[in-house]
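Each structure below appears as C-alpha cells.
You will see two complexes here that share chain A, one where it goes with chain B and one where it goes with chain C.
After this line comes the complex of A and B, so read on.
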C-alpha cells in the first residue's frame, strides 16, 4: 500500500495515495474537473483532450490534472480565469468539429459534452469559431450499434477498450492533424472488420459517436 | 586499460597521417558534393575534372567532400597542388573545370581570376579571414566540413579525430559528465536545454539498459544544418555520440535521420562501418571494457517526429505522436528505458569540449549560451549558406556582415528565425544578440538554426500564413488545441490574405486563439506553432490592418489582393515577350499595338512581369484590385 499524502483542492483537505494522478483524486472526492480522454489505466495518460486544466501552486501556468501526480502539501484550484479561458477555448474547439444536433443525438442528456457545458456554464453552440464538421458517413453496419464519426471527439477511449480490454483490435486512430479519426484498418465498414460486437467501445463513448441501435 | 586506448589510438593516428601526407604529395581536387552542391550541378563538374585529368594522364586525385558553407557559390571546388597555396573556386562549371585542369594542373597558372579564396595565408590571394564573413565567423563544429572526405575516416583521424574518445576512455564517466556540465553545453535542437543536466538525469537511472539517440529529423523549412554536417563530417557526430554514451552509461545508440536525407544516411552508414573497423565502435572500444553499438533509423518525414517523445514512439513502430511529460525520456524513453535525445550539432561539440576543455568552449559566446551558433542563412540574402558565429553575435552582423545584406537594392523587412516555431523579427530587433534567452525574449527562438531573410516584397501576413499552414499540416492531430486551433487560425489568415475578412475583431480572435494554443497544447510543436503569427501581430500589425480595412497587400504578394496591369506609357509596340510568356493567353495586343491583360483569363502567374524587358518594366502589380478601374479609366482618356 502506498503512502498517503494530504493535498488541498479548492480549499478542501484531501488524503490520497501518493503518486495518484490529480484528476482521479479530485473525481473520487466529488470535485468535478472536465475530461474526455481520461482512462485510469492508460499510462502515461493520453492528455489529448486538454480539458482538465487546473491551477497548482508553484506552476506558472495551468496544468492538466490527468498527468500530474499528487504530492504532499499540493495546493490546487480547479477554477481560475486562466483555467476557465483554456477550458472554454478547448471546449469550443471540440464543438467546432462535432455535429451539434443534440435533440437528434442518441446520447442527448447523457453526453459528457453536455455535462461539461452545464458544470462550467459553457454554451453548446459556436460563438467564436465556424463549424469544421466533416462530411463522413455513419457506419451502421454492425447489428447492435452504429458509429457516427462526425460526433467523435477523438478521446480514444473506444480504441483503448477495443485494444486493451476486449483485445480485439478492430479500430484505431488513422491519419494526421485535422484528418485524424477513429476507423478500421483500411477504412472498411465495422462489419467487415475483426469487430466482434462486444459493445465495450460503445459503453465508454462519452458522446454520441458510438451508440447502441434502438 | 586506460593507457592502452591512447597507445592504440596513436598507432591508428600515425597510419592515417602517413596516408594523408602521401595523398598531399600529389595534386588533389576537392569537389563540394553534399546535397547542396549536387543540386547546383557538382556531379557534372566532378566528372569533368576526372575526365580532363585522365585525358592528360595526370596523377591527380578528385575527392568528394561535403558542404563548405558557401552555398551561394556552388558548385565549389578546391585545388591543392604541391608548391601552391590551396585555392577555392566558386561557380565552377564543366568548362571551368576543364580549364583549371589544363591551366593549373598541367601548367602552373592557378587562374586567380576565377578563384574565390585561398585556404592558407599567403601574400598573393586573400583567405576567408580577409572577408567580412571571415571576421565574424568562428568555426568550431563546421571547421572541417567541406575540407575532408566524409567517406574516408582517415581524413577525420588526421585532423585529430577520435583523439577525444581515446582520451575520455582514460577518464571516469563522471569526469566526462562534469566537463560537459561545466561547459554549459546547451542543446542545439532549439530549446537550449543543458545537455549535461539531461545526461546526468539519464545516468542516475538504475536501469542497466540506456539509449542515446542523435536527432537528425531536421524539418524546418529552409534549414539544412544537420544534413550538411551529417554529409560533411559524420565522424564528428559519431564520436560525440560515443562519448556521450560513455558518460551516460548507454549501451546502444541510434541515428534518427529522415528518409528524405538519403545521402546523409548513406554517409553515416559508411562512417559507422569504418569506425567499427578501426575499433572505435563495437566490443571493447580501443581495447577498453566499454562496449557500444550505433544503428541507423530512418524517419518517415513527419515533422512532429523531431519532438523527442514522438521520435521515440515512431522508433518503437508506433504512430509518431508525442506523449505528455513527465515522465521525461531520461526516465522512460525508447522501449521504456532511460534515453537521451540530442540534436546532431549538440553531439558535434562534445569531442571538441573533451579535447580542449570546458573553459576553451566557454571562452566563445555568451555566459548564458557559450559556444557558437550554426545557421542556414537563406532567403533574400546575398551570401546564402551555412554559417557558424559565436553566440552573442547580433542579427544585424549576421545578416549584413556575414551574409552581406539584401540583394537587388531591396529593403530589409524581417528575419524569420527558428522555423515554424520561431518568429519574425523586424529591423528594430536586429541588434538582439543571438543566444537562446535573448531570442526568446524577442518572441522568436533559436530553433534548430534556420534563418530566412525577408525583404519588402514579402507580405508578413502571407509569411505568417505560410508557416501556420506548415504546422497545421504537420500537426499529428492528437490534442485539441493543435489539431483544431491551428486549423481555425489558418482559416482566419486565409480570409485575411484573400480579402474576405472585413472585421478587425478577427485579429483579436486570432491573437486569443494563438495565446490559448501556446498555453494549452500538449507538445512543443503546438506550443510554438503560433509564434510566427504572434510575432507578426506584434511587429507588423499595420500590415494586418491594411489587408482587412483596405483590401490591400502592401508587399503585393497576396494573389487575391493584387491585379497585374500593363502600363501603356511604359509598354512598347516593338515587343511581344509578355504575350508569349502568358500560359493562359490573357495578354492581347490592343488596337494601338500596346499590350493589355484580360483580367478574366489572368491567373497571376507572374510570368509577364518577369519576362518584360528591363528597359520597359511595363508590367506592374496593383493592390487593391480596384485600382485597376482608376488606371484603365485614366488610360482610356
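After this line comes the complex of A and C, so read on.
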C-alpha cells in the first residue's frame, strides 16, 4: 500500500494515497469537480476538456485537478472567481459546437453537460459565442447503437474503451482543430469498420453522442 | 477514399513493403515511413495506411488520425490538373475563398479532394509570393492572377477543351494502330 497523506479540500481534511490525482481524491470524497475527459487509467491524463480547474495554495493560477498529484499538506479550493471564469469559458466553448436540442437527445437528464450546468449554475445555451455545430450525419449503421458526432464533446472516453479495454481499434480521433472528430478508418460507417458492437464505448459516453437504440 | 486504378494495388504493396523493410516497424518510425510512402506514390492511399498499421500492430484508425492531423499528408491522389488556390492574407482578403468555392462548384469536390477520374485535384496553399495579382491560383506550375468566378469559368472551359483535344488525338492514334 502506498503512503497516506493528508490534504485539505474546501476546508475539509482528507486522507488519500500519496500521488493519487486530485480529481479522483475529490470525487471519492463526494466533492464534485466538473470533468469530462478524465479516465483513471489513462496515464498521463489527457487533460483536454479544461473543466476541472481548482485553486491550490502555492500556485499563482488555477490548475487542472485531473493531472495534479496530491501531496502532504496540500490546500485546495474548488471554487474561486478565477476558477469559475475558466470553467464557464471552457463550458461555453464545448457548447458552441454541440447540438443543443436537449429535449430530442437520448441522454436528456442523464447527460454530463446538464449535470455540470446544474452544479455550476451555467446556462445550457450560447450567449457569447457563435454556434459552430457541424453538418455531420448520424451513423446509425450498428444494430444496437447510434453515433451522433454533433453531440460529441471529444472527451476520448470511447476511444480509450475501444483501444484499451475492448482491444478493437475501430474508432479514433481524426483531423484537427474545429474539424476534430471521432471517426473510423477512412470515415466509413461503423458497420463497415472493425467494430464488434461490444457497446463499451456507448456505456462511457458522457453525452448523447453514443447511445443505444431503443 | 479513392478507388484504386488498375495495377495500383500491386504497386502500393511493393513500395510500402520496400519502405517498411528499410525502416523497420517501430512506431517511432511511423511519420518518416508515411513521408517516404507519400514521396514515392504521390499520396497516401488507404491501402498503404492499412499495410503500415498492420506491420506496426496498431489500429489503422490511429494512422488515419495522424495523417488527417498533419497538413503535409495528402490522402487523395494529385489530379492531372492540380489546382492550388492561394489563401495567403492578400488573396484571402480579395476573394480567394470565392475562387475556391467556384472551383468546388464546377468540380463537385471539396478542398483537399480529387475528382474520381483523377483529372482534377483541389487544394489551398499559403502565400505563393505574387500578392499584387491576388487572388492567385496555381494550376500545375502556371500562375493565374486576379481569379474571379468568371475567370474560373474560363479556366475550366480551357481545361475541358484540352481534355477533348487529347481524347481526340488518342482516338485517332488508336484508329491508326487499328488499321
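In this section, the second predicted complex is superposed on the first by the 214 of 214 C-alpha atoms of A that agree within 3 Å, B and C clash if a C-alpha of one lies under 4 Å from a C-alpha of the other, contacts with A are read in each partner's own complex, and residues count from 1 in each chain.
Simple rule for what comes next: contacts are C-beta pairs under 8 Å (C-beta built on N, C-alpha and C of every residue); 3 or more make two chains touch, one makes a residue touch a chain.
Please read all numbers here as calculations on a predicted model, not as lab measurements.
Visitor: Mind working out whether A:96 is in touch with chain B, chain C, both or neither, as first, second, both or neither?
Guide: first
Visitor: Is A:64 touching anything from chain B or chain C once the two structures are fitted on A? First, second, both or neither.
Guide: The first partner, chain B, only.
Visitor: Which holds for A:169: it touches chain B only (first), chain C only (second), both, or neither?
Guide: The answer is second: A:169 touches chain C but not chain B.
Visitor: Could you look at A:128 and tell me whether it touches chain B, chain C, both or neither (first, second, both, neither)?
Guide: A:128 contacts chain B only, not chain C.
Visitor: Mind working out whether A:86 is in touch with chain B, chain C, both or neither, as first, second, both or neither?
Guide: The first partner, chain B, only.
Visitor: Would you sort A:178 into first (chain B), second (chain C), both or neither based on which partner it touches?
Guide: After superposition on chain A, A:178 lies in contact with chain B alone.
Visitor: Please indicate which partner A:49 is in contact with in the superposed arrangement: first for chain B, second for chain C, both, or neither.
Guide: first
Visitor: Jot down the residues of chain A that show up as touching in both complexes, chain B in one and chain C in the other.
Guide: 173, 175-176
Visitor: For the complex, which residues does chain C have touching chain A?
Guide: My answer: residues 1, 46, 49-50, 58-65, 68-69.
Visitor: Residues of chain A touching chain C in their complex?
Guide: 163, 168-176, 183-186, 193-194
Visitor: Would you pull the chain B residues touching chain A in the complex into a rising list?
Guide: 302, 319, 323-324, 326-327, 472-481, 483-485, 487-488, 491, 509, 512-513, 516, 519-522
Visitor: Sort out for me which residues of chain A touch chain B in the complex.
Guide: Going by the criterion above, the answer is residues 44-51, 53, 61-62, 64, 66-67, 69, 82, 85-86, 89-90, 93-94, 96-97, 128-130, 132, 154, 173, 175-180.
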